[in-house]
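These notes concern the structure reproduced below.
Chain naming follows the written order as A, B, C and D, and within any one chain the residues start at number 1.
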């Protein structure tokens, strides 16, 4: 049985989309079913090792795609107004990299997170390895991992306001500075 | 007494104030490699809880990567794990090559293997040396550093830099092995072995060394896997996992080498595994060098790659076995010449997050030993 | 010995200054503030091949009270800035600073939200070493330059001027 | 010459000598460590860098003197001298040469031959600890206080085995005076061995040496300082000449310990098998006996350096374990056996 079939078996109805690119299989699961899907992937699917957890901000990707689509449309013919699409696609993704130690297969699990509800179930209960990566994802994108034991900023200092890896945060920052008052403690 | 000292220390760490003394170690502390900080609560010398704080070297490499082209990002990978920059370079090159769907010529692969294994030796030498320094034995460090300089010399001959190598490029390697390598290597192999042997005699069976390292922060394999350990740290716990064997990349499946494993996951096992791995690396270089010499002189070193690299849209993850463990690059491409998202999976990051659990109940001296044996490189930890 | 020679104004001051400078320039104890890649090169400069100890930079201590030269090797992030300031403040006069590497000088390639663009805006720097990272020879050269600088200093004369100014102000 | 003049000369001489040893030792340590580590070591100040300690001294003297705001000022100031001075004072009872007769006057090459010189040395050694503890406490810094606490525990634990080892020597020689002990070590024993303490008390010597390393805070027992853990331990907050006194006191301490080792276990100023006084004039004999003593002492000083750069450091609990579980029982057994033997032979 191929990897894709096994994952389909394992996830069942939780599977939204499965794709393959250069041998890397990527599956998408719904946000509210993360814990269940991960548990079944770990126990039934044999993906017992969590490599990494991180976020992706897709806002620019969508913008670029929309631009491209518009261009194409313009090039073709001026047709009627584009049909009203559904709600805009969720802005963020959380990607989990899983690994099976027995078969040495890797799997990317994607969870789409809309901007207006940033809470994602934390997988720290399944793998402790997710502790810092989730903190970092919170730091960099602002995901709120529900059930995380200690969700504080990891790389930036505590008083930092923004989430620097979001695409709308400028590369050179907004001039934040860190001040420490040593004598107040 | 505890209260009085409390007022002096600066902590932003765990808030609970008990009868324990909060001791802030780092970021400027001899054993903290410049940028690490651990906030501990101690009862006398015993550690009740330890919480590492990182981010003092967070330079925004990932954000920078999104604003640079694929080729421009290569030099930045040097600055991740600066002890073995070549492994980072090759890992990144392999990831981009995977996204492009190309494979480099065999000669370039061999060159990469030779250089990577040299870098691995250099990295392990620093680790063993620093571990010695932190446990009070300064002299082996100097013996190992001399050998490291020799390795740097080879790097310099090949691509012109000592530390931040930026070796090779996407699609291959620019230059063949320098001519002087052919004379140098047999001599260097012996001197590396000699230095290792000297270190071994100074440390391994030294009673004090054994007391200080055996059984110190031992870790079991299940916990290690749960925490996401890889590389020597995981092998020290007794799990035989090496990406060079398990998910062979380049030509590692053609070489004959052992994967040393430990049993208890204590500092001594970590140290021994690194010592043994250096020997294995020498073996690999010998084999790769022999294969390299069998290659025809005009064998290609580079695959043809377009000047502006534009991988098709998609996302890939590729990992290699760096000296510290699994070093992976996740690249999400949107079809332009810049990566849309680039994520580095540093090996020591996963290990260091378990630090609190590793050192709990041990003494302050063991904390230092543990930190050195993990080999935390701030550059790749904070990125 | 010509008695006239030692009668000139400031002869004693001058000789004492020379003695102090001799002592200071021959024992610049470093504070190795190595944060990143340059820290490794600094380590190499201190170790066998290059041996900074030859110039008296022998006793590497990580406590700012006991050091003379703050060798800042590596990137300073914005998170680290208060720490660096604090360390510099804790050092006892006279103190010198060497900024090793592009990151310490200008921020280098890391022109990002979290990197301090050069430590010159936080603490006074005596010697800048370019390079990413500079070779150990570069660090040694900087140390020699610093020694030259120390030898050209006038510790007592400055002190005397301060005293004179204070007296005049007191009048 | 009046007696007090002779005494004054001796005091000045021993003072300068102790200072010189400490100064030269800093240089020896650096150069020897460099030698062992394939380096050169300091070589810019004077020939072979010989004036390096002088340069350090000038620099430390002219550095800003910082007393941390939250430190206990008086104790902070008191710490370094309290550490360095007892080490100097202990030299007073060290016999650095034999008795010589000059102008009909007997001069003993020792500042004062106290009949309990032995206890005096032990007592002063114990006072030196206060320098460290007070320094660590007064700094009001956690690393310092940890260093100070370690120093207390370590030095108190190692005083005991040291005392036990020395008691056997007292049993053996039946005196507390260091000079008499040296005199008793002349001649041979079992026909061919020099009559030295080390051959009569090998176990006692080993216990004493280990305890001496611990007393001197040298690797593998340098826990109070412990560079990689406690930054620099009890003198973390000290700078300028106060630090200089601590560093200096350490070397003076080494000199004292080496001198006592030589007097107790290695026959002091006397050469084995040869009686120098028979064919040397009084002055020459004085110088020769002093040279012999100095050479022996130098060997032990070098041994300190040698060990320093070879072995790693103990952990705190292991150090305590070694002291209480190994050295003290061994010392007791040794004491018991010695007492038995002494009783039987008398």
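Methods note: contacts are C-beta pairs under 8 Å (C-beta built on N, C-alpha and C of every residue); 3 or more make two chains touch, one makes a residue touch a chain.
Remember, it's a predicted structure, so these values are computed and weren't measured experimentally.
S.K.: Which number of steps is the smallest that gets you from subunit C over to subunit D via touching chains?
M.R.: Tracing touching chains, the least step count from subunit C to subunit D comes to 1.
S.K.: If you average the Cα atoms per chain, which one ends up farthest from subunit D?
M.R.: Ranked by distance of C-alpha centres from subunit D, the top chain is A.
S.K.: Find the geometric centre of each of subunit B and subunit C from their Cα atoms only, then give the gap between the two centres in Å, rounded to an integer.
M.R.: 32
S.K.: Compute the distance, rounded to whole Å, between the mean C-alpha positions of subunit B and subunit D.
M.R.: 44
S.K.: Go ahead and note the Å separation of the Cα centroids belonging to subunit A and subunit D.
M.R.: Subunit A and subunit D have C-alpha centres separated by 65 Å.
S.K.: Could you please state the distance in Å, as a whole number, between where the Cα atoms of subunit A are centred and where those of subunit C are centred?
M.R.: Distance between chain centres, rounded to whole Å: 47 Å.
S.K.: Name the residues of subunit A that each touch 2 or more other chains.
M.R.: Those would be 155-157, 164, 169, 171, 180, 182.
S.K.: Can you list the subunit C residues in contact with two or more other chains?
M.R.: Answer for subunit C, listing residues that touch two or more other chains: 47-48, 62, 79, 83, 111-114.
S.K.: Counting only residues that touch at least 2 other chains, which ones in subunit D make the list?
M.R.: 37-39, 227, 231
S.K.: Provide the full list of chain pairs in touch.
M.R.: Every pair of chains meeting the touch criterion: A-B, A-C, B-C, B-D, C-D.
S.K.: Touching residues of subunit C toward subunit D in the complex: what are they?
M.R.: Its residues touching subunit D are 19-20, 22-24, 26-27, 47-48, 51, 53-56, 58, 61-63, 65-66, 68, 92-94, 155.
S.K.: Would you mind writing out the residues of subunit C in touch with subunit A in their complex?
M.R.: 78-79, 81-83, 86, 111-114
S.K.: Subunit C touches which residues of subunit D in the complex?
M.R.: Those in contact with subunit C are residues 30, 34, 37-45, 49, 51-52, 54-59, 61-66, 227, 231-232, 236-240, 243.
S.K.: Which residues, counting only subunit A, touch subunit C once they are in their complex?
M.R.: 155-157, 164, 169-174, 176-180, 182
S.K.: Any idea which subunit B residues touch subunit C in the complex?
M.R.: Residues of subunit B touching subunit C: 27-30, 33-35, 55-61, 63-64, 75-76, 78-79, 82-83, 126, 141-142, 145-146, 148-149, 162-164, 378-379, 382.
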